[in-house]
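Below: one structure, written as structure tokens.
Chain IDs A, B, C and D follow the sequence of writing; residue 1 opens each chain.
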Amino acid sequence: MIIVLDKKYSEKSLERIKQVVESSGYNLNITEGNDKIALMVIGSPVNIDKSLFMAIDGVETVIPVSGKTGLTGKTDYDHKSIVTLKNNVMIGRGFTMIAGPCSVETEKQMDEVSYFLNTQGVKILRGGAFKPRTSPYSFQGLEEAGLKLLKKYAEKYNMAIITEAVDEVSLDLVSDYADIIQIGARNMYNYSLLKKSSKKPNPILLKRGMSASTDDLLSSAEYLLAGGNNNVILCERGIRGATGIKDTYVLDFNGVDELQTKTHLPVIIDPSHAAKYKNRVFRLAKAAAAYGSDGMMIELHPDPQSALSDGAQSLNFDMFEKLMKSIAILNGLNDGH
Amino acid sequence: MIIVLDKKYSEKSLERIKQVVESSGYNLNITEGNDKIALMVIGSPVNIDKSLFMAIDGVETVIPVSGKTGLTGKTDYDHKSIVTLKNNVMIGRGFTMIAGPCSVETEKQMDEVSYFLNTQGVKILRGGAFKPRTSPYSFQGLEEAGLKLLKKYAEKYNMAIITEAVDEVSLDLVSDYADIIQIGARNMYNYSLLKKSSKKPNPILLKRGMSASTDDLLSSAEYLLAGGNNNVILCERGIRGATGIKDTYVLDFNGVDELQTKTHLPVIIDPSHAAKYKNRVFRLAKAAAAYGSDGMMIELHPDPQSALSDGAQSLNFDMFEKLMKSIAILNGLNDGH
Amino acid sequence: MIIVLDKKYSEKSLERIKQVVESSGYNLNITEGNDKIALMVIGSPVNIDKSLFMAIDGVETVIPVSGKTGLTGKTDYDHKSIVTLKNNVMIGRGFTMIAGPCSVETEKQMDEVSYFLNTQGVKILRGGAFKPRTSPYSFQGLEEAGLKLLKKYAEKYNMAIITEAVDEVSLDLVSDYADIIQIGARNMYNYSLLKKSSKKPNPILLKRGMSASTDDLLSSAEYLLAGGNNNVILCERGIRGATGIKDTYVLDFNGVDELQTKTHLPVIIDPSHAAKYKNRVFRLAKAAAAYGSDGMMIELHPDPQSALSDGAQSLNFDMFEKLMKSIAILNGLNDGH
Amino acid sequence: MIIVLDKKYSEKSLERIKQVVESSGYNLNITEGNDKIALMVIGSPVNIDKSLFMAIDGVETVIPVSGKTGLTGKTDYDHKSIVTLKNNVMIGRGFTMIAGPCSVETEKQMDEVSYFLNTQGVKILRGGAFKPRTSPYSFQGLEEAGLKLLKKYAEKYNMAIITEAVDEVSLDLVSDYADIIQIGARNMYNYSLLKKSSKKPNPILLKRGMSASTDDLLSSAEYLLAGGNNNVILCERGIRGATGIKDTYVLDFNGVDELQTKTHLPVIIDPSHAAKYKNRVFRLAKAAAAYGSDGMMIELHPDPQSALSDGAQSLNFDMFEKLMKSIAILNGLNDGH
């Protein structure tokens, strides 16, 4: 961590900085420039709250530079975690496809989807039972009844389950029914939910918030690891862009690379929300496969036009099958180098 | 609500649209252009989930145009709600100042702050006991002990209390101790927390998320009103801008006007988070007072440089006193026209 | 085009709207809702300046819905243009690779690069002679001397040239030396330069601005076509995102699809600027190839660490060769379906 | 300038860094942390192109920390420039109002506007003769005829003129007719135009681009000062925000403070474009006056509903008069402390 201090403020402010640094057990190395002083806090990892320095008069910037940051940070270049599910599916070794409908709706829908995904070799079934919807008048999910449907058909077709928890009550339920607990983009900053999730035995998939930096995402993941849950998967799903188009997200491929550089946790890509329309999901999913990551999570539906949520961005079975073929070839290419 | 449909898709898609519209109890008026068809759903308010139409082949845009939208919408131009607290302080009539430290820290701090604010005529005390912090290693708040301190000194100096709830447990506690429950920007999309808050007897202050549109904020407020809590105050606190400066927010004054145009709920401004440094808080607060709103919420601290959180953006007592004088004059000007 | 009008303003405002619409030779179809009136302007394409309506009291929104918009718009789904260069290289049929250094620097550099690209089968050489640099103290390009070097080595290795023009003087020079004139992202809104470029015989490659919508890009392209130059290629290069990381751009793949849906002009992708670091350029370029477009423009350098500009994002020869192999396979896949 | 280097890359990369630094005449101070090395370039101002370091393997960040940056930077806290026009109007001392129509349209319009502004004590008349319009089919301005009208009525009512130049030809013309040359937000990155403007004797008003950081704006201003033109005024006009509302800008008040902290150049605010609707212009202008800056530029029109451009955001005379009264009082307040 480097602290840049304006020279005019040096005396009192330097003292305060030293006090914070030394009381936290670190050393300080001081370099004077012409009108600025650079203070380097020595130690690894440096976990002092940056805002404590920002409050001190004359401090202009505080730059975190430490290589390893907390528990999510890599210990070395090749450090990489694998999350293993109960059915021995592994995330973080090879490419893992996760698919299913946005919302669990009916027996028929779930039977059709699970049957189909099983024929496609997909081993993890997604489906929402607790839906965070913008409007209180939109379909809010089947709740526990939805979890039961998920479980019934996941078992029938021998798949693992991932589904979203949105609060303490749903977290307990989801923990009982699901193999992986999903924390959605809208809850990435919900630190209370993160703390509680960290105490569950299930692996957690944590989505990046729509205006969160990759550092923000890693800080949220740090809550999970600090709480004792090491089975964490990160998911890039698109961020707000600056073109002023309503409800639009841009998939941040560089963000995936940033995460892979900084953390040992598996990183997957969700192209459905950024793409918004099924033909774009198809193309973006191929791009994501070519880019390379630990996997993908995609929405599909037996009849997208009648879906109760996210119909426009749900692939139909034909498109999904075509996509799986492309991905198989693309993964082959990625293995090659 | 206007649905724009590509002519090529007209037959089957038209039928599906009609079915959704009519089964929801609305009428449809159809206008054909050269290559597009515009379908106007007649009724007020139109509360159909837009995404149901977006899923239908050939639908290009769905534009909500209805005047009154749900319970947050105005019934007429002058429709305006007032939130009255237990101590008869009203929000929505005149200008209301809310101030206090970012975090409740010590007896001494709270006594000094409350005493000072009382001398300044401030009637509502803010102070965080449950802090949503980016890092799990940063100070997380004193929790119930903090609420007790808040209550002790608010009572000593005859002030009402506002403090943030972040989950079900803290919501129950905050509801017991505070006059107003704050839902922070990071929880604006936490629909579960909104639903639970809607059942509390306390007024709610709801902050706009940092990449949320004003419509998103109103949808979240709709959860509160739909759940039965009509005492809702909205708060603009700054949004992400496109200049690529880390951790920076831009206060969206137009957003305040948009909200005031659309909703009868009181709207206040929090200049502390967007300004980030105390000298900027001071200036932005004056601008906000000149712009005109139902009030302001500001962070201050007896010794900002030693604050456990948000020290850089906390005003000291001198600056706050100066600000109160400016605001008094500015409010006088606003009343004048 | 649909104009939404608040009913309260109907009389005078309706008259004004009618006047503008009819004096422009279009018809108006009026539908009344409960509190809004929807006015559909019938005609195709509708080219009335939207802001003329926005100025009228009570007009709430103006939504362009016309299928074909101007000269850049498709006449039908399969409408697609091909740009043919002097050496019979075609852009818009199959996949075209454009590569070269950010800046033209030395004889040695240009000879090495051109020789190498020729061995790779690349037929279009890029290289900047007029560089729009953020700082006036950064290397600004070799100007005409750079164009001469470009020409010398392009001819030696039988390649076409693309290079950027930044004003009238450079436009004339570039027009003399180059096969394709590039208008950079920072000049996408430089309508004067667009008008002048539209009079040149050379094809134009127009890059999307970093906070421009695809509609903004098409409007800028419309200047070129309206001025008489039909040989226009569009280029997506990344837009500002909302995560607050300085100098960062996010490649907008959906934007490519949006463009391909709306316009008949060829669309290529520049992954170098959004990726920022060479290992990311490599990955993003593969993703772009899998996504599918009419081509790609990439920066490479014989010794990126000593490049006078954009060294961090320039591929070296090894990486480029590896990339070309991947792209060849990916293009094969795209042809397959 | 601080360069952060990963220790693994130290030997060769250190050598390259040293070479660049020393060949530019600066010294280097090296501090080793546990896994990073911090290199401080000593000198003031440090004007080395940051990207030269970014290209070197292992360099992770380059942070500019120098107090004074180039010619736009302050030499000390109170350093402040004043721009004096031919009619002795000064910008940078007290508050200066600039007003007029978006576009110069007719004799009648210009006579009415100039007469009115003169009665209001406004000394600088704005009006566009060369309009950078998104669509080639929108009104593009009267060009030299517009400049003549501007001059005629400015002289009649004894006002100075500011008007926009968009290229070399219009720059020469504008330089002949106007007191201040405006470079618009869309041309802030048009370095060629900046270089040419720097050679003109007229003062320049430079607007911040809509996704430009304040550092980007200062870099563009540096082109003007480096070219020999010291009479530069900066203008904040709103940036893109992250809420995804089309064609929306957020006025960045903090940006004004950032600029005032870094540069001696006068800074004014244009609230018209960010506000978009005249009632919001009115409110935002009051906020801007309370915030404090060297002045304001506002669009007004005798009959906004019939304006050929920007009608929705043009104040009518009544609103402008009311605004001038409010601003007079607000400026009085600002002087008071």
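Note that in this section a contact is a pair of C-beta atoms (placed from the backbone, for glycine too) under 8 Å apart; a residue touches a chain by one contact, two chains touch by 3 or more.
None of the values given here were measured: they were computed from a predicted structure.
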Could you tell me which chains make contact with subunit B and subunit C both? A, D
Measuring centre to centre, with centres taken as mean CA positions, what chain is farthest from subunit D? A
Using mean C-alpha positions as chain centres, tell me how far subunit C is from subunit D in Å, no decimals. 27
So what's the Cα centroid distance for subunit B and subunit D, whole Å? 32
Note: subunit D sits from subunit A at a C-alpha centroid distance in Å of 39
On subunit B, where are the residues touching two or more other chains? 210-211, 213, 216, 240, 242-246, 248
Provide the residue numbers of subunit A that touch subunit C in the complex, in ascending order. 210-214, 216, 239-245, 248, 250-255, 257, 274-276, 279-280, 283-284, 286-292, 322, 326, 329-330, 333, 337
What does subunit B use to touch subunit A in their complex? 16, 47, 49, 51-52, 54-57, 70, 130, 132-139, 166-170, 186-187, 189-193, 195-196, 210-211, 213, 216, 219-220, 222-223, 226-227, 240, 242, 246, 304-312, 314
Under the definition above, what is the set of subunit D residues touching subunit A in their complex? 2, 4, 6, 29, 31, 33-36, 38, 40, 42-44, 60-61, 63, 65-68, 211, 240, 242-248
